[in-house]
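A, B, C and D are the chain letters, set down in written order, and residue numbers restart from 1 in every chain.
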Amino acid sequence: MSLSSVKKRVFEILNVAEDGDNVSLAFDIFIFAIIVLNVAVLILGSIRSVLEKYWLLFIIISVITMIIFVIEYGLRIWSCTSDPRYSGPVKGRIRWAMTPFALIDLLVILPYFAFLLFGIDLTALVILRIFRLLKVVKYSDSLSLVVGVINNERKTLFTTYAALMIVLLVAGTLMYQVEGSVQPEKFASIPDGMWWGVITLATIGYGDVVPITAAGKLLGSIIALIGIGLFALPAGILASGFSREIERIHRAENDEEIYLCPHCKQEVTKKDLWKK
Amino acid sequence: MSLSSVKKRVFEILNVAEDGDNVSLAFDIFIFAIIVLNVAVLILGSIRSVLEKYWLLFIIISVITMIIFVIEYGLRIWSCTSDPRYSGPVKGRIRWAMTPFALIDLLVILPYFAFLLFGIDLTALVILRIFRLLKVVKYSDSLSLVVGVINNERKTLFTTYAALMIVLLVAGTLMYQVEGSVQPEKFASIPDGMWWGVITLATIGYGDVVPITAAGKLLGSIIALIGIGLFALPAGILASGFSREIERIHRAENDEEIYLCPHCKQEVTKKDLWKK
Amino acid sequence: MSLSSVKKRVFEILNVAEDGDNVSLAFDIFIFAIIVLNVAVLILGSIRSVLEKYWLLFIIISVITMIIFVIEYGLRIWSCTSDPRYSGPVKGRIRWAMTPFALIDLLVILPYFAFLLFGIDLTALVILRIFRLLKVVKYSDSLSLVVGVINNERKTLFTTYAALMIVLLVAGTLMYQVEGSVQPEKFASIPDGMWWGVITLATIGYGDVVPITAAGKLLGSIIALIGIGLFALPAGILASGFSREIERIHRAENDEEIYLCPHCKQEVTKKDLWKK
Amino acid sequence: MSLSSVKKRVFEILNVAEDGDNVSLAFDIFIFAIIVLNVAVLILGSIRSVLEKYWLLFIIISVITMIIFVIEYGLRIWSCTSDPRYSGPVKGRIRWAMTPFALIDLLVILPYFAFLLFGIDLTALVILRIFRLLKVVKYSDSLSLVVGVINNERKTLFTTYAALMIVLLVAGTLMYQVEGSVQPEKFASIPDGMWWGVITLATIGYGDVVPITAAGKLLGSIIALIGIGLFALPAGILASGFSREIERIHRAENDEEIYLCPHCKQEVTKKDLWKK
């Protein structure tokens, strides 16, 4: 077995498994498990009482993870040249290293060295590896559906968010003018008014900043009644996008169904009919 | 009347009534009433002042209920063999006892014995019988519609919930990093940050954990504006699922309507027309 | 002009105006204005400082309103017999007095007499007259659209609300079990737990009752993530109902458009085509 | 180059750029940048600590902006007569000055003079210029989509908001009656009850006004469960309006696609086919 075929096989194993490639699948599951384990360490390690008890275990897991991630990164950058897109020993590898997922991998490794060299703790960046999970599951039809719908609606979503910003700015300025003199510590500036606006119009309503004057309550009510519809629009747009996309998929499937032509008695699909 | 026909009749009565079987319907209503009565006892018995006044009544209701439920369970396990699915005096009965509703019935009876034998109060498990009500009303078209839609959309819902988890984890970690040093008692750990994330992104906003720094408020606003659309997706997906399903039912009903063929004057349905 | 034609004219004037009947329209606007005025008195009169200043004005408005409403009720009960549905001097008038709007009118008048006779203040019932406004505007297509959609979806809405009740009961019981021992004054009973459930699952989140244990927060998060989709369903079902209903109206309008038959060159509508 | 052609060119430059008119586009971007800069000054200037540090810079920006805006307004009112709609040296200019955007421009300039003459600070009105940005981006299809949908649904939205008002009034009156005697400072009047209603039914839930009696909590729960569906309707109506509008656009685009007629082999569109 030549080196280039070894390299090709390593590349295959490191990347998301094709159907039937059990070694590659096992590697995916292994990396998946390490990421989940590290996320668990990240979460549990943030709880003081747990950290005090298990700090040694957490460090061991982190060190082993780092070694695995460094080896994985090394193998990836070595083997990536077997992919035609990244061919070329230097330029291809740089091109690969600039891909989003490669940058994430690097960003996850670097903190460990930063910690060893400078004592800066950035291990929370392991959380970035979670996005790699997206790559593993991207074959799932429903994820691609979600991404597709967001992509379809991106222009309308952008417009809606721009309108939200203007509404927020106007609402925040108005509330600052109305309530600022009565509650100078809560509505101290327009950004404070906009904070009130976000928390109110998104219907979160913490209650940390609340109008207390009659004018403020009236203004707040009007802003809430008008603005909430606008803030709920992104979700509504996405939901209606889903509806249309799923409808389209159903229709496409429907077009695949086989009918008999009334004239020649041969099998035809609706798709054929339309295209003809 | 032979024993096997008595057993068959008992089985019919114990199970959800067929149309026109008034004895079985009366039994369903009787059990329905007992469940509602016990739920009322459970709720009212949790209020100390009510419990102190009516404890004797509540105990009497509980004891009578227990006797009825034990007899009902006994009759069910005795008569279930008259259903072909559970034929066989031992194996059939075990198969029946393993069905979800039989397990619920057992889980509701056991606490009473646990209480008599060990003094452990688990009578709150009577609440599980409420799910049996689902069985009674499952003929209602609209419930099967709700279940059907959830079932249709389960893959998309699962993906959305997985995305929610990742967003929650990232949001919780970021807020813990930003606010943890200023409010060490509120954002004490990543799980605390994730609690903030759930309460904020679900737009509940209790106000028990709120960012107070400018950076935390800005980050919280951005997370809220982006994340809320995602959190509202499950409801939107279900709603659009309803829309499509009801549309489909209407179209199916429409296809059943009878028309007259303009050529032969015979009755045809649109369904026939399409298929031809 | 005979008495019966006077009675008929009075009946027409008292009821919602037909197109072009300006006297009747003026009367509608007059009653509309009185109701709005009384609602304003009701609202403003509830503010102590305003009441102290304008109590005489408010009493005068109330007394005049009472006189008008009593005369109106008298004229209505006198003239109603000119409507074939309420013919018969005694039985017809009783039948009319039992209609929902007549009962509302009576409920609005009675408190004044109750006040004069027994000193009981029930004048807030004037708010019931607001529902009469619904009668005035019922010609508006969009209101009948709203009512129609709610009516279409009533079965699904009922099922959803029944499911909500079960979810609330289970959620309230669980939270009472988990948080009751730590916060005995906040989660003192199952109804308290259900109050938490309503306020959380409807995403209101006052913050008056909040889980504080780790188990309670985890349970609350899970309940929130699952339950919110369910609580948002009624709105989603209504919205999708609107979509379908408006679609149906558009299609119906489309069916009215006139086409030329390719065979006989005569005008036909799609509606005719379908029906044939 | 004659004066009238100079005037025409000035008018073109001042207004939103046509495709390929780079000078006009540059002017649009310049005004856009000034508005964004002034909004930034408005926001930052409301923060005391920032204002104390940069007040001179902010004043300089304001003065320069004022000069630019005055010159711009002057040029606009001078050149507007080159548009046939505003021809006529006096009447045309008055007609122009009465357009919404011209009024906004005037409202933004006036405060500066008000400040110079009377010391009244109304510079916050610069925020109104933000609406002019709408004019710049109005070519974007998605904004016109948003506006179109709101316009299509305005009747239904109006009815829904009217229904909301009645629900709010009834809910506020009921809660005032139930909770007013126990919490006289929180539910002091019907407007206070309606404030509770807005904050609850919009699911904001600040927690500043919360029912504490059992009756109030039960009533509040019922109001919440019923009312929330109604409050979510505007967003749902808009979202379903989007769905239909986008569907319509897709269908219209689809009708423009060119097919070959199976009989004569000539190009046809579906639109032609339908119309025949």
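We take it that contacts are C-beta pairs under 8 Å (C-beta built on N, C-alpha and C of every residue); 3 or more make two chains touch, one makes a residue touch a chain.
What you are looking at is a predicted structure, and each value in this text was computed from that prediction instead of being measured.
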item	value
Same or different contact residues where chain B meets its copy chain A, judged by the half mark	different
Option reproducing the contacts of A-D, where over half of them reappear, out of B-D, A-C or C-D	C-D
Distance from the mean Cα position of chain C to that of chain B, given in whole angstrom	31
Separation of mean Cα positions, chain C and chain A [Å, integer]	44
Contacts with 2+ other chains: residues of chain C	191, 194, 203-207, 232, 235-236, 239-240, 243
Touching residues (chain side chain B, partner chain C) in the complex	39, 42-43, 46-48, 124, 127, 130-131, 133, 137, 140-143, 145-146, 161, 164, 191, 194-195, 198-199, 202-208, 231-232, 234-236, 238-240, 242-243, 246-247, 262
Of all residues in chain C, those that touch chain B in their complex	155-156, 158-160, 162-163, 166, 169-170, 173, 176-177, 188-191, 194, 200, 203-207, 210, 214, 217, 221, 224-225, 228-229, 232-233, 235-237, 239-240, 243-244, 276
Contacting residues of chain A [partner chain C, same complex]	203-207, 236, 239
